[in-house]
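Sharing a structure with you now.
The first chain written gets the first letter, and so on, giving A, B, C and D; residue counts start at 1 in each chain.
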Amino acid sequence: MELRKSYFADVRKDGLNEIGQPRPRLDSPGHVTGKTAYFADRNFPGMLHLKMVRSPHHHARIRSIDTSEAEKHPGVVRVLTAKDVPHNVYTILILIQIGPEDETVLADGKVRWKGEAVVAVLAETERAAQEAAAKVKVDYEVLPAVFDMEEALKPGAPIVNEYHGQNYYLYDSGECRKVRFGDVEAGFAQADHILEQSYQSSPIEHAPTETTGCVVAPEGNDRFTCYTNTQAMFFTLDNASIILQMPGSKLHFVGGTVGGGFGGKVDVIVEPIAILAAKLTGRPVCFIYSREEEMQVSSPRAAEKVVIKDGVMKDGRIVARKVTGYTDAGAYSRHSPYGAQKGAAHYPGPYTIPNVWIDTYCVYTNRTPSSAMRGFGVTIGDFALEVQMDKLARLIGMDPLEFHFINAYRDGDMKAHRQPTEGAALIECMQEASRAANWPVAEKYMAISSYGKGE
Amino acid sequence: MAIRRGRGVAAINYPTGMNLGGDPTQALVHSTPTGNFMVTLSSVDLGQGMKQIMAQICAETIGVPTDRVVVDTADTDTGPHCMGTFASRGTHRAGNAVIQAAREARQVMLEVAAEELEVNASDLETDGQGNILVKGAPQKSMSIFDVALSAHFKRGRSISGRGMFLIPRSYPEKETGAMKPSTCYAHACTVAEVEVDDETGEVTVLTVKNVFEIGRALNPKMVEQQLVGGSWMGISHALYETTEPYYPNRDHGGTDFNQYLMPGLGDLAETEIIVLERPSADGPFGAKGPGEMCANPQIPAIANAVFDAVGVRIDALPITPERILRALKAQAAG
Amino acid sequence: MAKVPVQFTLNGSEKAEFVESGTTLLHALRDKIGDTSPKGGCHQGTCGACSVIIDGELRLSCLTLAETCNGADIKTTAGLAEGGMLHPLQRAFLDAFATQCGFCTPGMIMAAKVLLDRMPNPSREDVVEALSGNVCRCTGYEPIIQAVLTAARANSQNAA
Amino acid sequence: MSLALQTFSTVKDANSALQASGTRYLGGGTLVVRAANEGDVSVSSLVRVTEPSLSQITISGGKARIGASVTMAAIARHPELGMIAPAARAVGGPAIRNMATVGGNLFAPAPYGDFAVALLALDASVATEDGEMPIETFLAGRDTGRAVVTAVGFSLPKAETFRFLKVSRVKPKGVSVLSIAALLQRTADGAVTAARIALGCMADRPIRAKAAEKALLGCKLTPEEIAPALAVAGEGITPVTDPIASAWYRAEVLPVHLGRLLLG
């Protein structure tokens, strides 16, 4: 890695004692000696193992659940169903007033995705829990499922999630988050070329080497200590408090040392049910996702679809950009309404475009609920935007890198969401990339700066 | 058979912190009797090095070496609230909270030293090595060790501070979408060079040259760790990763590390990282959040490079050999 | 549930425990003996985080039944540092900033150790092959490869 | 019920124990312990054998006999098995190769079982207590047979006659897109007089490319002369679809990779 200190030297104070110094990491000695304590390194005598019985169907009504055989299985201590969960219908962003509550801790009457948690089995050993889980009988009536976002948005599509009542998240702005800037149709009318293209992505798993999980120990005083690898301690504690209808003062979370997250550990999934299990049995409980659960049950990055329509001039100026973004939330909201909205703020990318129209939708389908991942709301949008930029450049016969310079935002430029640009540095990144990659551009582009067009 | 070469470019920006703000983080800092400093948080270290960076930020602010700072996180019985580690917010939000707490503790520390040295606190400075000096008269000094002892046992002062950082929440205007999503943005530009086997659709990423602008590299080696790892993940997202390889058929999702595909040690691209620093107005020492954006620009850069190599556009991720081969066959069929 | 005796040497000291028949070595080490340096990343044999050295060979403790290890000589990353001195590999991982979350690190170090024990001067390709069964999601692998190559160089300089 | 391991000193005793339902043979553990870890409760009892012959490699008279418990690592480093070492090294990473056995590989479903592909090309015999059978017969019936495999045997191929290729997305340790093993006898001027080609991932278990084998007879290994064999390489295949590749993709690239192996 090279630090190019020549850029922005005038606005940066170097020569500090600790900042900017490559100090060794204080946690690394623990890592290389195997001494770093992750949540699963806590082991308590008498700890129970929680295994989840999951829906084999994408969408189904639960006619009945029979746990009697499982309860009799040797080593089984307790079997939990929806009725055991004090506040079974929740949504994690309710803490920042983004509702409605739309997800069940344990399925109640219906499952909306393949892999949904239905019954929790607690046993003395993992093996006993697995054997008992295989004995839980759930009678399902399979319902029509919808996987495709455009299908889900059509009239008459099966309703995925009754708590919403329609297959999209209803923002205060309506069925999508909107950004309107300038007059996009006038921009298209003025453009030399119009290019409309569609991009899509598949769900992506975070795949941290440490799977999601927690170990809960009763403290003996009505408090419960939850050793967890959550990415957000109080966020998880406060949601657990709501779900369990238990004062937060009864909960003690210990964590902060996590074997990789990448956004995959911000859902509040394992902790509430494990704390409930510890409370109902009086025993320590561990609930750790298997690798298979981590891969196929934990929330992935959402599948997205992005449609971009651009109006571009022969001289390289983009004069109008219309973006329609669809985020596949799967069956439940989790963080997706937030992510779709973040996309609306991110488009039209780091470019100054006078006429912009953005709609971003958060759509419900019977796919695995998606949630945050590294680059949430932006990564797939950047893929779409930057492939589109390449196509536009080629459409007008211009070098793709030079085309970027023409449109790059600079300090003072008004963004589509009506914030003036501050602290831009896109141009300098591209100038340095031009040098590093030996991809020459016209001298005039090497002479400009993010400090603004006036300079 | 032909191995065909292409290159592509992409440029991006990325907001630091939770979209639209409203995401607080607090920190507490206190000194021990011998002038070591404890930072208490509930922030989560996912492996990116949050603990180390908070130690360096506290040390710089107080004026002691980093090894005199201990970071205690994350225990909800002791650590004050942090919204969490996500949205490239950890360094920015918690860092600001630590600075504020450390400044308050530093002020008490200087006041105690001022009493001991019989000068005004405003006339004191730290040397970064653990000593407090009188400005312009460095021979008149006192170690932080002694200042802490004095505070604890003689003066009855708590060298401690409280920090809170909150960017007020922005609410998007319904019709126009006017809003303030973030206060600062990191930037990047990546040029990727690939080879594509036009008989099998296999892509080899030869080089990725990444330029990242991240505000301030608080610890350059740790920045490098994250940027190199992120660049690898970007390549992985571009070419390999999916939980539903044959959607709309939802079968055949990988359930292990053999079948959920990511580049192996034998697939690594030659990776160049160049870092620029334009300090942000509200970042701790100017830092922005590099953690997420470093994995973004490789994806479109590779997509564009594949097009440059073989003339087919793959507009769906991941860009698998199968998708390329199908496109090449369609192209050949006219 | 039938308990069976297991007895082996772990990092030079004798261990004897009763475990349930069918218990993996990973569980025996972590839950019975208290050596949590091998990590359970997948329990499938696909991530390498549980790697240990059994009688000089790299093995996956998640797929090895404890009772098949009677009499074996087992080494884990927890036993690598001697007399408070880090092993050159551990030192190299620190210096190369080759750990981020650290979860894969003990397994990586085990895989690297069997390589260097057999091949003091490995090529980059040898390192790539030796670590190929170990997954890291944070680093992009390059710092880990560099750490192993550095440790090898340090070893050969000490030997010279 | 927990998972119980029974250890026997003879194959005979192990075979008796394996008659009980829920009982599986424990080789290297890479298949069966994984299944148990993942919650396959159909496995309740494991059986292993400590008979030393199962771990022995014997080379004599141009023939190799490899005990079923011999690991991929042991084959890869055996000085007289260099010609098939690439197939052994194609299995897993180093730790897996120290555990995975020849016997286990015969049962590994696609996309695993690369070493069995090599054995199929070598026309190996598979031994159980009941005697020996050709590997093709064994593979066809492997789902129903319950007897412990004790060894595999094959004639050592002459240098230059045996070729092996594994194609994977992830390197160096990746699961197969496909694997190909070919045993080719040729005249002094290079014309093929006998060919045996085995394919991995072209069905749920290794299969032969019989049409291609036939089409290669009399051909020299030039692009023009092997073209007819490549054209029929896909006859009779039913490739697997899995996260690595689809059946379509595997079928499409099979002739490409077979061509590269033959011309390489």
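General remarks:
The definition used in the following text is that contacts are C-beta pairs under 8 Å (C-beta built on N, C-alpha and C of every residue); 3 or more make two chains touch, one makes a residue touch a chain.
The chain lineup, named per UniProt: A, B = Xanthine dehydrogenase family protein molybdopterin-binding subunit; C = (2Fe-2S)-binding protein; D = Xanthine dehydrogenase family protein subunit M.
As the structure is a computational prediction, the values presented were derived from the model and not from experiment.
Set against the Cα centre of subunit C ((2Fe-2S)-binding protein), the chain with the most distant centre is A. Inter-chain contacts peak for the pair A-B, counting C-beta pairs in contact. Comparing each chain's Cα centroid with the centroid of every protein Cα atom identifies chain A as the most central. Computed from the mean C-alpha positions, the centre of subunit B lies at a distance of 47 Å from the centre of subunit D. Averaged C-alpha coordinates put the centre of subunit A at 33 Å from the centre of subunit C ((2Fe-2S)-binding protein). Centre to centre, using the average C-alpha position, subunit C ((2Fe-2S)-binding protein) and subunit D are separated by 29 Å. Rounded to whole angstrom units, the spacing between the C-alpha centres of subunit A and subunit D is 42. Counting only residues that touch two or more partner chains, subunit A has 25, 27, 125, 127, 207, 258-260, 262, 290-292. Annotation for subunit D: residues touching 2 or more other chains are 1-3, 36, 38, 172-173. Residue positions of subunit B touching 2 or more other chains, listed in rising order: 46-47, 49, 221-222, 224, 228, 230, 233, 242, 245, 253-254, 256-258, 260, 262, 264-266. Under the stated contact rule, the graph of chain-to-chain touches is complete, every pair of chains being in contact.
Of all the residues in subunit A, the ones that touch subunit B in their complex are 1-5, 7-8, 11-13, 16-23, 25-27, 58, 96, 114, 147-148, 172-174, 177-181, 197-205, 207, 230-235, 237, 251-263, 265-266, 291-292, 295-296, 300, 303, 338, 341-342, 344-346, 349-350, 358, 367-368, 372, 374-380, 382-387, 389-391, 400-401, 404, 408-409, 416-419, 422-426, 428-430, 432-433, 436-437, 439, 450.
Those residues of subunit D lying in contact with subunit A across their complex are 1-3, 36, 38-39, 41. Those residues of subunit A that touch subunit D in the complex are listed here as 51, 74, 125, 127-128, 130-131, 133-134, 290, 292. Those residues of subunit C ((2Fe-2S)-binding protein) whose C-beta lies close enough to touch subunit B in the complex are 42, 44, 46-47, 97, 100-103, 127-128, 131-132, 135, 137-143, 145.
Across the complex, subunit C ((2Fe-2S)-binding protein) is touched by residues 1-5, 26, 28-30, 33-34, 36-38, 46, 48, 73, 92-96, 98-99, 172-173 of subunit D.
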